[in-house]
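Following are the structures in question.
Common to both upcoming complexes is chain A, partnered first by chain B, then by chain C.
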Partner chain A sequence: MIQLLISGLAMGSIYALVALGIVVIANAVNVVNFAQGENVMLGAYVAATLTLTLHLPILAAYAISIILLALYGYIFQKVAYYPLRKKPFITVVVATIGVSMFLKNAARIVWGPQPIYFAGPFGESMIRVGGVSINAQNILIIVVTLALVVFQHFFFAKTSLGRQMQATAQDQEAATLMGIKVSRMIAFTFIYSSMLAAAAGVLLAPIFYVSADMGANLGLKAFAASIIGGFGSVPGAILGGLFLGVLEIFAAAYVSSLYKDAFAFIVLILILAFMPRGLFGEKISTKV
Partner chain B sequence: MNKKVLRYLVFILLAAVILSIPGVMPNNYYRGLANLSLIYVIVALGLNFIYGYTGYISFAQAAFFGIGAYTTALLGVDHHISFWLALPLSGIMASLFGVLIGIPSLKLTGHYLAMATIGFGIIVQMLMQNWTSFTHGATGVGNIPGISLGGFTISSASQYYYFLLFFVVLSILVTWSIEHSNLGRSFKAVREDEIAAATSGINLTFTKVFSFALSAFFAGIAGGLYASMSAYISPDTFSFDQSIVFFTMVLIGGAGTMLGPVIGAILLTFVPELLRFMKEYYMALFGIGIVLIMIFIPQGIVNVFAKDGQFAEWITAKRTARVESPQKDL
Partner chain C sequence: MLKVSNIEVYYGKIRALNSVSLSVKQGEIVTLIGANGAGKTTVLRSISGLQRLEKGKIEFLGKDVSIVPAENLVGMGLAHVPEGRRVFPGLTVYENLEIGATSWRKGKACLSGDLENIYELFPRLKERSKQLAWSLSGGEQQMLAIGRALMARPKLLLLDEPSLGLSPVLVEQVFEVLHKINGQGVTMLLVEQNAFMALDIAHRGYVIENGRIVLTDTASALSNDSKVKEAYLGG
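And then the complex of A and B:
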């Protein structure tokens, strides 16, 4: 029971990190990045290669992976977002889907079709708490996610860069008038989102095998989680992710493991049909 | 030579090319591909109703296609029902699901609708894979009965080509008459401005749900044809990725035009096959291709060659109102 809850929260933390990456971009430029799941995959592969092939210490590999993904985030927005910034929403969305197809298949070419096992810093070790043994990696995921969420809160609330990024997300025109370099802030948002993906990737790697397909469902489910929580809201993305992770683990254990992946989408459709602003979201006002 | 004669000549030439395809194709593999492209034309024409004309995103077209395919397959294999009864039932079954997904769409747009249709598609595919007692599970359905017409059984790829061509022509005629009906005009009115459409007396609920149902119906019919032609179907054909391919067909060809989905479907069936010599690289290149198309010709091929519907005017030899491709801020 406790083990299930912990592993649910760990998986939920991963969903929350991926969902956050989707939401910060959606808030800044009103585009859903369907490649976010593949960015996670990329982060995991880069770290795995650095550790397993180049034999770098694991924490250095994590750091380099996050830095490389930041660079990638910049390139991604230059190639797939910037030329399309004046186009309708759907054009950009389809372009991000194109990027995700490219990444998935390119990863299969570069790293081969075999999934790679990439252990975390604690290996397989278990922590025993009052007669219950818990996978140490799960604890690590929850703690790191918590730390990142706290960091993000202070980053957006207190630092100048964070505030400028937030101002850009709220109102681009007003931000421009305030002397904020909007396109640079948008680039930073993409960079930040890719770094979140890398963090999710290295945390997830020991639980999932690292494979070209690891990101596909992850991205969609994280998107679903952000809608379940209330799309566009940061607490909504985090709570929606945690909720989805716990729900999935318990549904798989007590209802049906065959349909484990379906529950996210069943809940999503129910939420959309009956409470479209999500479980924890703010009121959506349509522009009329 | 005046314009009228030229037009007839082009038509005759085009008809000759279309009719001679099975003879021109080097082998049965390419004939099969031509047949597949005809089936995809029907799917894309369907998707064009909901996205092109009505302006709503649907990433569930492969699921509707699959529902049609499974209806014909399961009715034929498990219940020995003739193709001619199963085919309309495939269309109806798919459109019932279209209504089911169309109803929540009344409240949803943009991201939300995209995600709802993706979720629906994934659930449908999961049922196909795991509900073994009903759908035969992940191994798929085999030995689907073929099509016979008054004692004559369609067997060769060429015969299938002409049979499918009949359905494509029928679909185009239906699309054309809907586009030029009040219903078609309501679709476009909803796309351009929902509130204005409602004020002009258009029943929004009916129009949107009907558009979804119509999209699904086309996909369902195409699915039934696909199941009977290939004699074997499996769940992996009806994936989210396939829905994206269908969507890209409509976008590349030109959403909201009649010719666009036709061109897009043919192009996206043949080009990946021609690139197959690149083996595993081609799916990666396909992804890059989508990005490039979105950057350079997001309005679709048809709209590049014929700005402001000149092409349609030329084909139909009459002036039609200028129709913009969907640019609504979704």
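And then the complex of A and C:
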């Protein structure tokens, strides 16, 4: 029971991180980034290569992966967003789908079709609490996610850069009139979102195998989570992600693991039908 | 202080401004009046760099700013209160004001002097300082938009229909504050459909029709002009 809940929350934390990355971009530039799942995959592969091939210590690999993904985020927006920023919504979304397919196929060519396993900083070790033993990686995932959420809140609410990014997300033209460098703020938003993806990737790898296909499912689930929570809402993305993770694990344990994915989408459809604004509604105050 | 010379602006193939020229001198309130769709907003957007010029030139404080990016103009002392207020809905009143100082503020430089001045002009903003901007009334949002622009410590303030959607009492209040701000040394270019109020506080005025300046004179002369009376002052 406790074990299930912890693994559900761990998986849910990953969904939450991916969903956050999607929501931050959606709020800032009104684009749904369908490549976010592949960005997670990229972060995981980079960390795997750094540890398995280049034999770097695992925490260094994590850090370098996050830094490289930040750089990637900058390039991504320069290539896939900036030239299209005045085009209709759908054009940009299609571009992100194009990037996701490119990344997936490139990963297959570079890293081959075999899934790669790479252990986390704690290997396979289990933590015993009371009578139950819990996978240490799951605890790490939950703790790091929590820390990132707290950091994000502080960053956007309290720092000058965070405020400027919020203002840009809310009204680009008005932000320009304040002297805010809007295109720079948008670049920062993409960089931040890619760093979130890298964090999700390195945390997820030890419990999930790294493969070219891991991104597609993850991206969809995270998108579903953000809709379940109320699209555009930051707390909604976090709670939606956690909810979905826990739901899946319990459905797999008590109903059937075969239909684990189906559950996620059944819930999504029910929510869309009966609570179109998501479980937690959309509050303008929570937009980033 | 501001000199606009023969500017032309297009939306696609449609010409919105046709050789518009106007000037604003230090310390003045100059108003630009005209009917719906005459091109008033387009003039202000061109001055603050939001709209690309096809032809013509804009000089501010003696410098050619025709191609200076909009985000750099505010640092030179040109603030724009846009049409429709455009406050940041998800930020508090205080945060909106704080972000108004972005162009000159370094690090955590103290804002209390600037804030005090604005809270004195608009006591309502002080009462509401912790409230999110979307929850303010239209009048309060207009005060916030003006206050936010003042936080930039502007030399020239562009105002796009500050009276729009406000009750007559509030319009009076807002114009009174504009008069005070002008007394503090801020020059203004004021776009209005409410020609009566605008000509009341302005020193000079321009009348724009279909993207062309058709008339310019002192405010009192315009108030007595028969064409202006008929078209903009209700006969």
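In the analysis below, the second predicted complex is superposed on the first by the 282 of 288 C-alpha atoms of A that agree within 3 Å, B and C clash if a C-alpha of one lies under 4 Å from a C-alpha of the other, contacts with A are read in each partner's own complex, and residues count from 1 in each chain.
Quick note on the criterion: a contact is a pair of C-beta atoms (placed from the backbone, for glycine too) under 8 Å apart; a residue touches a chain by one contact, two chains touch by 3 or more.
No experiment lies behind these values; they were computed from the predicted model shown.
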item	value
Clash or fit, chain B versus chain C on superposed chain A	fit
Cα-centre angle that chain B and chain C span when viewed from chain A, reported as a multiple of 10 degrees	90
Touched partner set for A:A26, first chain B, second chain C, both or neither	first
First (chain B), second (chain C), both or neither touched by A:S257	neither
Partner chain in contact with A:T53 - chain B first, chain C second, else both or neither	neither
Contacts of A:D171 with chain B and chain C, given as first, second, both or neither	second
Superposition-derived comparison: chain B or chain C, residues of chain A touched	B
Touching partner for A:G179 - first (chain B), second (chain C), both, neither	second
Partner chain in contact with A:P88 - chain B first, chain C second, else both or neither	first
After superposition on chain A, the shortest CA separation from chain B to chain C (Å)	16
Shared chain A contacts, counted only where both chain B and chain C touch the same residue	none
In the complex with chain A, residue positions of chain C that touch it	48, 50, 70-72, 74-75, 79-80, 82, 86-91, 95, 98-100, 102-103, 132, 134, 148, 152
Chain B residues within the chain A interface of the complex	57, 103-104, 107-108, 110-112, 114-116, 118-120, 122-123, 126, 130, 195, 240-241, 244, 247-248, 251, 280-281, 283-291, 294-295, 298, 326-330
Parts of chain A lying in touch with chain C, wherever the complex brings them together	160, 163-164, 166-167, 170-171, 173-182, 284-287
Sites on chain A touched by chain B in the complex	26, 32, 79-80, 83-84, 87-95, 97-106, 108-109, 220, 223-224, 227, 231, 258-259, 261-262, 264-266, 268-269, 272-273, 276, 288
